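This report refers to the structure that appears directly beneath it.
Going in written order, the chains are labelled A, B and C, and every chain counts its residues from 1.
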Amino acid sequence: MGATRVRSAARPPRGGPVKRLVLLLAAAAFAALLLPAATAFAGTASTGTLLFYPCTQCHPVSLDAAGKPSHPLPITFKGFEGHGIKLEAHDVLGTGEKACLVCHDDAEHNPGLLHAVDGTLIDVKTGDIAKLCQKCHFQKYNEFVEGTHGKHMASCVAAGCHDPHTPNYIYISPLKPFFGTGIQVKAVGLRRAPFTPVMPIPVQPPTTNPQWFVIASIVGMVVAILIFGGLAAPALLERLKR
Amino acid sequence: MSEDKLRDERPENGTAPEGTTYSRRSFLQGIGVAAGVVAAGVIPAVLTAPPASAEEATPTAGAAASATDGEEDFIASIIADDKPLNYPGRPVYYAKDFPAGKQKWAMVIDTKACVGCRKCVYACVKENNIGRNSGFTFIQVLEMEPGGVDLESAVLDYKEAGRPDKWYMPVQCMQCANPPCVNGCPVKATWKEPDGIVVIDYDKCIGCRNCMITCPYGARHFNWVHPQVPADERNPLVPVEEKAWTPEKCTFCIQRTRNGKTTACVEACPVGARKFGDLNDENSEVAILLKTRHAWRLKEEDSTEPMIWYVG
Amino acid sequence: MTDAKTSQPGIKRFIGIDWNIGALKTAGSRYWAFVTAVSILVLVGVLAWVMVLTEGGAVMAQRDGFTWGFWFSNYMFYVGLAAGGLVVYASVHLFGAEQFKPLSRLAVLLAGVLTMAALLGDLTDLVRVWRIYWFVVTPNPTAIFVYTGSAAGIYMLLCFVDLWVLITGKGGEKLAFTMTLIALPFAIYLHTTTAFVLALNKSRELWNSAVMVPIFLTSAVASGVALLLIVAYIMQRFNVLKFKSSMFRSLSTLLATVMILDLFLLIVEIAFVYWPTSAKAGHTLRFTEFLTGPYAWIFLPVLILGGTAFALLSRRKTRHIPAVQITASALYVVAIFFKRYTLMSMGFAIGPLGQTQAPYLPSLAEGLIALGLLSLGVLFVTLGAKVLPLEVPEDEHHAAHTLPAGAAEPEVAQ
């Protein structure tokens, strides 16, 4: 949290009570702006699990009987965008708040709910998020259900497959490497940033030559060469004499 | 001969020339007989010819059947081709506790999903007691240039995976339906089991390495050194010691797949690029993929009929 | 043989042959020194083989990408050499080339010994040699190894039996002729199956060619005849045998003819690989390793030495000079030795998945085993030169077909 320089309310302002309230609200809004974006994330972790935005940190939400917030969520002038979630690939859904509202129920209702294909609302934490992805990616969804796309996971966003905001990213959780070269793997995106694979290519075992054998064969070869030399020498000497 | 002579020898109209026994009448009679013989031959031919609309004549199970007939036929023909070869009548010794069932195993690899992380390679090494000093792995992941399947420019020892300008193709024993290795083993120490898995009998193998020469995929690897596996990493279902001086290769994790599990590489793949299953089951992932996608095989022109397809 | 002969000291009759053991006793110290030196090399080879059996395959330089090694290159080489002699010998009976008759026993002995060395080389590669009984129990009719292995074994036996028939004269001319009728086609069958071991592999692009078979046959005959010529000269130098110079001239003409055929087929193969309408990356990439790549140092000598050898023999005016003949033959034997190594490497230089393998050079153990086998062959021939009656008697030169079958053995010329 950055240092806020709010004028202490020790000295009462010159104006009347209305002016006081306005200033208080402005101060509160200013403070809200300075909430660091670091707390606004949506699962860019490399552990493979989707982390959820801690909504209740800012929105003290209580739901009434109909499942709607009992009072409307405070809307900052940035709205959904105030969460600082950067969309990738899903930015084709639109700019600004429009993109968010394609999936999320609006702030008037409960953004913690998502629109499914048939209009029902899915809870973002406990519901079957895959039904939301099915809205557009129906072919991939069918393949996912029959098992030919990806792995048999609970949903598209479960355990390290697709992050809903940056869905082209696939998480690969690191494994202990085979030859002890350290953990490398993080995230691989559509742009496929290269990474080091888990296992290098194995090396062919070297040719071994036991020491006793080397010595014995050198001795044998030397003896044989000496004998051959002994045979050849007289013939050579004869030729030289001639 | 001059024309005059010809004219002189021409017989009068209606008669045969001198010395011939051939008159116009007999010629016409001959024509008639020939026509009769031809007609007699045509009639049975016409009768035995299949009707033009024979297929429509026999009732089929609904209009939808004709659309899927081709697909069913091609998988059925793949299954029919995948027969046991040189099978000695009993499963290989390390699978004697789990003989072959009715399945016909196949694998489909999605090359769009594969990122070359080599986790399958690693899992296979652990599962199959591959010697840590042996210098080979059953699975070799090749980094391929896009735009073709050019093995001559493939890179095996890539240090960086997931490159966007390359695609990745894992290669391992294809458990071919027409395996050159089984045909080339002089002592029948390697054979094709009834469920399609090509196995090696390490006790019988003489180590001549002819099978390695004939394999077009380089899928068989020889244990030049005694395989060394740490004791706490040994898989008790897979041999270790007797593999010295014999070749070994991927067996579709025979110790797992015949016990209801899937192969280690399929389980290890983090992106689900590998699918393994039984072609006889029409709802298995491999059957669905073969029917709905463009699936191709490596070195199809060698007509080894491999049982690993690639999609994507 | 007459009784007079057997009563000579040192002649022992055994299986119908008069073994001249006495010649060994009268042999000089140089002879025994040579035999000792060669025996030491054989022992070193045996020691190397024992080491392979105990230490396992790690002592060999063959690895996953280069599955066969020096033993296979030598196998092809020796089997090839064995053919030449037999072709020469067969031409005596089948084509009436009488001038080669004095060579016949030596040729058959060489063929048998070389095939034995080849087979032993094959066995030294198998660490568990005792398992080869499976060849008999469950042979695979689609595996070419079954045919090659059995062919080599039967061929070796055929050669030794043939030698026995030639020396004892049993069955006379008729049996010798029949043996030739069996032996020559069998030699061609043996080389065809050896070529098939390479050619019938769709996985190895450069090997998978039908032209392998004629290349094998011509290389075999050329190198075999060349070796036979050299050995004949050596035998003559050490007064074991005596030949006419016209025989050597005739042999050189035959050699030159087969040499040019062999070189021609090699050029044909190169043309196939590089011609634009038939060139495939699979072939050109692999062959380029041999013309300009790491194997060039051993492939280019094949062409250079082979061409030189042919050039030496091509001139009729100088073909009769022994120095020319011996040099050309030696060059060609070396060229074919290199050729066998490159032939083997062509299957492995770039693997079936397009991966380049490091070039193979034999390890110490493999080199010594090969040397031991070569020495074993030399030892057999050296001992045989003293002990066996390799000289073909004069009477046989003019043995007419009027000799009744199973007639009395011809008189020894000595």
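For the reader, a short list of remarks on this structure follows.
To be clear about the criterion, contacts are C-beta pairs under 8 Å (C-beta built on N, C-alpha and C of every residue); 3 or more make two chains touch, one makes a residue touch a chain.
This is a predicted model, so every value here is computed, not measured.
Distances between chain centres, each the mean of the C-alpha atoms, put A farthest from chain C.
With centres taken as mean CA coordinates, the chain nearest to the overall protein centre is B.
Across all inter-chain contacts, the pair with the most C-beta pairs is B-C. Averaged C-alpha coordinates put the centre of chain A at 67 Å from the centre of chain C. A separation of 41 Å divides the Cα centre of chain B from that of chain C. Multi-chain contact residues of chain C (touching two or more other chains) are listed as 58, 60, 63-64.
For chain A, the set of residues that touch two or more other chains comprises 204-205. Looking at chain B, one finds that residues 135-136, 156, 224-225 touch two or more other chains.
Those residues of chain A that touch chain C in the complex are listed here as 204-210, 213-214, 216-217, 220-221, 223-224, 227-228, 230-231.
By the touch criterion stated above, chain C contacts chain B in their complex at residues 56-58, 60, 62-64, 67-68, 125-128, 131-132, 134-135, 137-140, 142-146, 149, 197, 201-204, 281-282, 285, 347, 350-355. If you check the complex, the residues on chain B that touch chain C are 86, 88, 135-136, 140, 142, 150-154, 156, 171, 180, 183-189, 204-210, 212-218, 221-226, 244-245, 302. Listing the residues of chain A that touch chain B in their complex gives 146-151, 160, 170, 172-173, 175, 178, 185, 188, 191-205. Residues 113, 115-119, 121-122, 125, 133-137, 141, 156-164, 224-225, 269-272, 275, 283, 285, 288-289, 292 of chain B touch chain A in their complex.
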